[in-house]
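Heads up, the next two complexes both have chain A, just with different partners, chain B and then chain C.
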Partner chain A sequence: MKKNLYQLILPAVLALLPMAVKSEYFLHLMILFLLWVVIGSSWNILAGYTGQVSFGHAAFFGVGAYTAGLLFQHLQVSPWWGMALGGIVAMLIGLPFGAICFPLRGAYFALASLALGEGIRHIATVAEGFTGGMMGIMIMPTFTSKAPYYYIALGLAVLSVLSIRAIINSKPGYYFVSIREDQDAAASLGIDTTLYKNISLSISAFWTGMAGALYMNYMGFIDPNVVFSLHDYSVMAILVAIVGGVGTIYGPAVGAFIMVAFQEFFRTGFFGLFDYLGKATGSPAFTALSGAVRQAHVLGFGILVIVVILYLPNGVVGDWEKIKRNVFRINPAG
Partner chain B sequence: MDVFLQTLVAGILKGGLYALIGIGMTLIMGVMGIINLAHGQLMMLAMYVTFVLNTMGVDPYVSLFIAMPLLFMLGVAIQKFLLNPLMKVETILPENQVLMTVGIGMVLTEVARFVFSSDYKYITTGYADRTFYIGNISFSVALTIAFVIALSFTAAMFWFLLKTDLGRSIRATAQDKDAATLMGVNTGRITVITFGLGSALVAAAGCLLAPVYYIFPDLGGPFTAKAFIITILGGLGSTVGAIFGGVTLGLAESMGATYFGMEYEDIVGLTIFILVLLFLPGGFKRLTKV
Partner chain C sequence: MKGTAGKAFVVVAAVLSLVMAASAGFAETIKVGVLLPLTGSLAKFGEIEKRSYDMAVGEINAKGGVNGKKIELLFEDDTGKPDVGRSAMEKLISRDKVPVITGGYASSVVAATAPVAQQFKVPFVICTGSSDDVTEKGYDYVFRVNPPASEYPNAVKSFLQGVARDVKTVALLYENTAFGQSSSKSFEKDAKDLGLKIVVKEGYQAGAIDFTPILTKVKAANPDMIYMVSYVMDASLLMRQSKELHINPRMFVGGGAGFTLPEFAKSAGDASDYVYSATLWVDTLPFPGARKYSADFRKKYGAETEYHGAEAYATMYVVADALKRAKSLTPKDVRGALAATDMKTAFGPVKFVSYGKKTQQNKLDTYMVQWQKGELEAVWPKNVATKKYIYPTPHWDRRR
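Then we have the complex of A and B:
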């Protein structure tokens, strides 16, 4: 009962948020957060549940974004059609991706997916006639206010998390987990491992592509180094899921929140704390510290990732019991 | 014909450096069975060490002897305090150590950005753009020196792995960790030393590359990618393979750049990589068994 209540309250709060908070900056952060919920969750279904650690998710994100952008560029149709097609095109790209990567296992799979992700970036850069190359694609955003984007992102995030939860709790979901735990045992029990790995990849690619299409519509500008970035998307998707908890439904969402919050926390110099201290004490050391902290926002997140892997190997959600026990001193056994 | 020979020479010279990068990676991969996705970042760090020393008037080839021990110690620390503790914990994904190296790489990049900013840095030396000619083929002096040093390091590495006790222990650990432990090899210590050695080797590559390249924090990522392309081409854990892979990648890149155009340089490397993964998984090692 208590759990169901949370599940109703959280979306309700999120849905009412733009009416309560008028700050565009805050909404922008929320949209980023929701986008990362989608990307992290879809990486998680492939890696966390099916055990195929992909280092190439930027490929799907970028393909989704480019679908929206290219529709506008070449056919002059609204880039919102990309929201309808982006996920499907990303799924189609997922088919050859799977055909190349799935015969491989473990480290080889990770490397092949990384190479394919990078390969697609290079292709998008070289095929100037089609994609515009490094010039990128620019569109005029449809809405000047951020609230509509917020609702679309919220819808996307809720739908993706709910659909992934439904799949995980159904028969294919159990097949995914059995492939993760022992692929040979799963195959010997009659599970078509290649088929189910491809299904998992398709779902994952679809939602990542949708996130990419929304990104195009929201940001209004893409180029290959932005949306196919190994570091900013492929690796970040992994880190978001790891921090939150690999192989848990809500882990990536929590991880996305921590990632966005943590980076903003640093970017604003601990919400202006150092600036305030600098003014209050009149010491230039605090102002200098504030400047340093602002530049270190990615560094801060990187260190957080290392600490999480060391001490919470299953992520914040996966090791929640451990956190409760050790940090909050709550021991259910008494 | 001259163009072809010139491309060939450029490719092989570059390949020597790549081999040095690859050997470090393949050692780590062989002994610990993990991909070190912070490999290029370690090289980037060595290049910054070279840069700082160069502003103090130290020649890049002298700073080799400072950067290598420094990076060796860094590698030892990473393995000892960040990677080895992960062997004991139970997680859903077995790739925890790989993911840790991703985090380490990110931190190294950001530390470099924090300290040196994102600007491109250059090392100015008297010989960086000097060339000499054999027939019609021009040789870059800096790259030739780098090639010779890289070759001697590789040879030294071979001797070390084949003839010394420590080298034998490393090879034993790579072949069968449990058996090595039973034979009295302290495998925990071996992994630490191996990571240190791998870091020192890639540091050497960084110092050699520094005079002919520019230095910026994001340089690590592409070189990590190159390092694992080399390792896959050669076969995981194979030192001979790493040399073969390095030269192959060097040749493929320079051929691609000459005959297809500069922008295809990386695509050629990646295409070869995927083809090898598909049709020759196990790499060059499978053909020669070395």
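Then we have the complex of A and C:
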């Protein structure tokens, strides 16, 4: 009962947020957060549930973004049509890749996916005539206000999480998990493992491509280093899922919130808190601390990931019981 | 899980309200937002620009500030990434409510943030980000002090027309970045206008470890001129390996960027001798305060500056000048004042004009420099030259 109540309240709060919060800056952070919910959840269905760790999700994200951008660049088609197509094109890239690489297992599949992401980035860089190369694609965003983008991102996030939840709780979902747990056993039970891996990859690529297309529409600028970035997308997708909880439905959403908040928290020196303290107390130590914190955000990411892996190997959601027990001293047993 | 999110929200809200309360207390200054890459791979240039902004504001405030008010710079780190840059831009506009924003280094960050400034109608005075299309969209709240990348080779073009008329064939090598690709494209067009034949055209991944395959191709084509668009480590490696392979064109020309930095000469050694480069600025140019700026920078920070720093320094003066002339400190009036800018700075005369497809773009001359005995000398156009150009480049065997 309590759980159902939460499930109603959270979407309601998120839906009403733009009416209550007028800060465009805050909405921008929320949009980034929602985008990461989509990307993290997509990565999670392939890696967390099906056991196929991908280091190349930037490929799907970038292909989605470029679908929208190129349609506009070459055919003057509104990039919103690209949103409809972005996910499908990402899927079309994923299918032959999956067909070729799914016979590979474990680390070999991960390496192949890494090559996919980097390979597409190089192609987009070198094919200057088609993609504009590193000069990228620039469009004027359609809406001045953030609210439409926020609702689209919210819709995308809710749909992706719900659809993934529905799949995981259905028969294919159990197949995915059985492949993750023991591929040979799954095959011996008659599961077509390559087919189901491909299905999982297609779902994953589709939602990631949609997120990419939304990114193009929202940010108005892409270039190969931005959207095919190994560090900013492929690895961040993994971090979002690991921090939140690999193989849990809501883990990537929590991870997305933590990562976006964490980055902004550091980048702004705890939202200007240290600068304020420095001015209020006149102590140069706070100002210096503020500078140090700002520069340390990459280090902060590293430490966060190490802490999570050491103490919460199943992520915040996966180890929620452990957190309740040890941090909040709540012991359900008594 | 919803519990955590809830708690995090409360914490964020508490911190936010603290900060907002804080900003109310210091209303006596004029806040100017500055967007720069202070961390990440572009941090080196961000640092030079930040120091130059700080220096300029220090001087302006020491002389009484703007109409009695001091300028306070709010630096925001864009980390060289468009989405982070956008967060920073949104923060400056909607939280800090600054009347004007400046900075902007990476082309990608500028391309993602300029539309935001335009949509919120807050003037953005771009200091560096040089991709052409930013000032081709008709944005009336976006100004650019830096010339667009396509105009960097202008001085090279006039040198080819005026002096190196015997150059007929060109090899074009460039890094695969926005700057490299747009510079090479515009140079290709210039070469066509001049009737030059491009015999080799090769893009490479920035940070390459060996240029021998590309340079072997260049040697086989034996061009009269090699034009390279590279950052500093690639630039010095290209020259060292050209020396090893004994490639002897009539001239080696760099398209700005790495070829003008002191580190280039240090790392390429005598292979850097006689290399030309396009540049936007050297401190020997006859602009008011140019020499003083580079001397002061050296004294204050114990490091060399270069054209990016001069740009930032001059841009700050442009912004301060507009704030001084603005009827009020609203973004709209500051924009009006910026549009009327007509001043001389250490970086050259600044005036925002429209030409071709461009609007509110500062038009600047570009220059040619040449390394002579380890010193960077201005050689073209003649009226700003500190030394006479040495042309053609001596054969590797005949150098002493």
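We take it that the second predicted complex is superposed on the first by the 334 of 334 C-alpha atoms of A that agree within 3 Å, B and C clash if a C-alpha of one lies under 4 Å from a C-alpha of the other, contacts with A are read in each partner's own complex, and residues count from 1 in each chain.
Keep this in mind: a residue touches a chain if its C-beta (ideal position, glycine included) is under 8 Å from a C-beta of that chain, and two chains touch if they have at least 3 such contacts.
This one's a predicted model, so the numbers in the text were calculated from it and none came from an experiment.
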| item | value |
| --- | --- |
| Partner chain(s) touched by A:V298 [first = chain B, second = chain C, both, neither] | both |
| Which superposed partner A:V317 touches (first chain B, second chain C, both, neither) | second |
| Which of chain B and chain C A:T125 touches, first, second, both or neither | both |
| Which superposed partner A:L214 touches (first chain B, second chain C, both, neither) | neither |
| Touched partner set for A:L111, first chain B, second chain C, both or neither | first |
| Which superposed partner A:L29 touches (first chain B, second chain C, both, neither) | second |
| Chain B versus chain C as contact partner of A:I191, first or second or both or neither | neither |
| Partner chain in contact with A:A237 - chain B first, chain C second, else both or neither | neither |
| Partner chain(s) touched by A:P141 [first = chain B, second = chain C, both, neither] | second |
| Chain C-contacting residues of chain A that also contact chain B | 122, 125-126, 295, 298 |
| List of chain A residues in touch with chain C within their complex | 6, 9-10, 23-25, 28-29, 32, 122, 125-126, 128, 133-136, 138, 140-141, 144, 215, 219-221, 223, 225-226, 232, 250, 253-254, 257-258, 261, 263-264, 267-268, 270-273, 275-276, 279-280, 294-295, 297-298, 316-317, 320 |
| In the complex, chain A residues that touch chain B | 47-48, 51, 53, 100, 103-104, 106-108, 110-112, 114-116, 118-119, 122-123, 125-126, 180, 230-231, 235, 238-239, 242, 246-247, 292, 295-296, 298-299, 301-303, 305-306, 309-310, 313-314, 318 |
| Residue ranges of chain B in contact with chain A within the complex | 29, 33-35, 82, 85-86, 89-96, 98-100, 102-104, 106-107, 110-111, 113-114, 218, 221, 225, 228-229, 232, 236, 263-264, 266-267, 270-271, 273-274, 277-278, 281 |
| Residue ranges of chain C touching chain A (in the complex, touch as defined) | 1-2, 4-5, 8, 12, 15-16, 18-19, 22-23, 25-26, 38-40, 77, 79, 81-84, 86-88, 90-91, 93-95, 107-108, 111-112, 115, 119-120, 131, 133-134, 137, 176-178, 180-182, 185, 203, 205 |
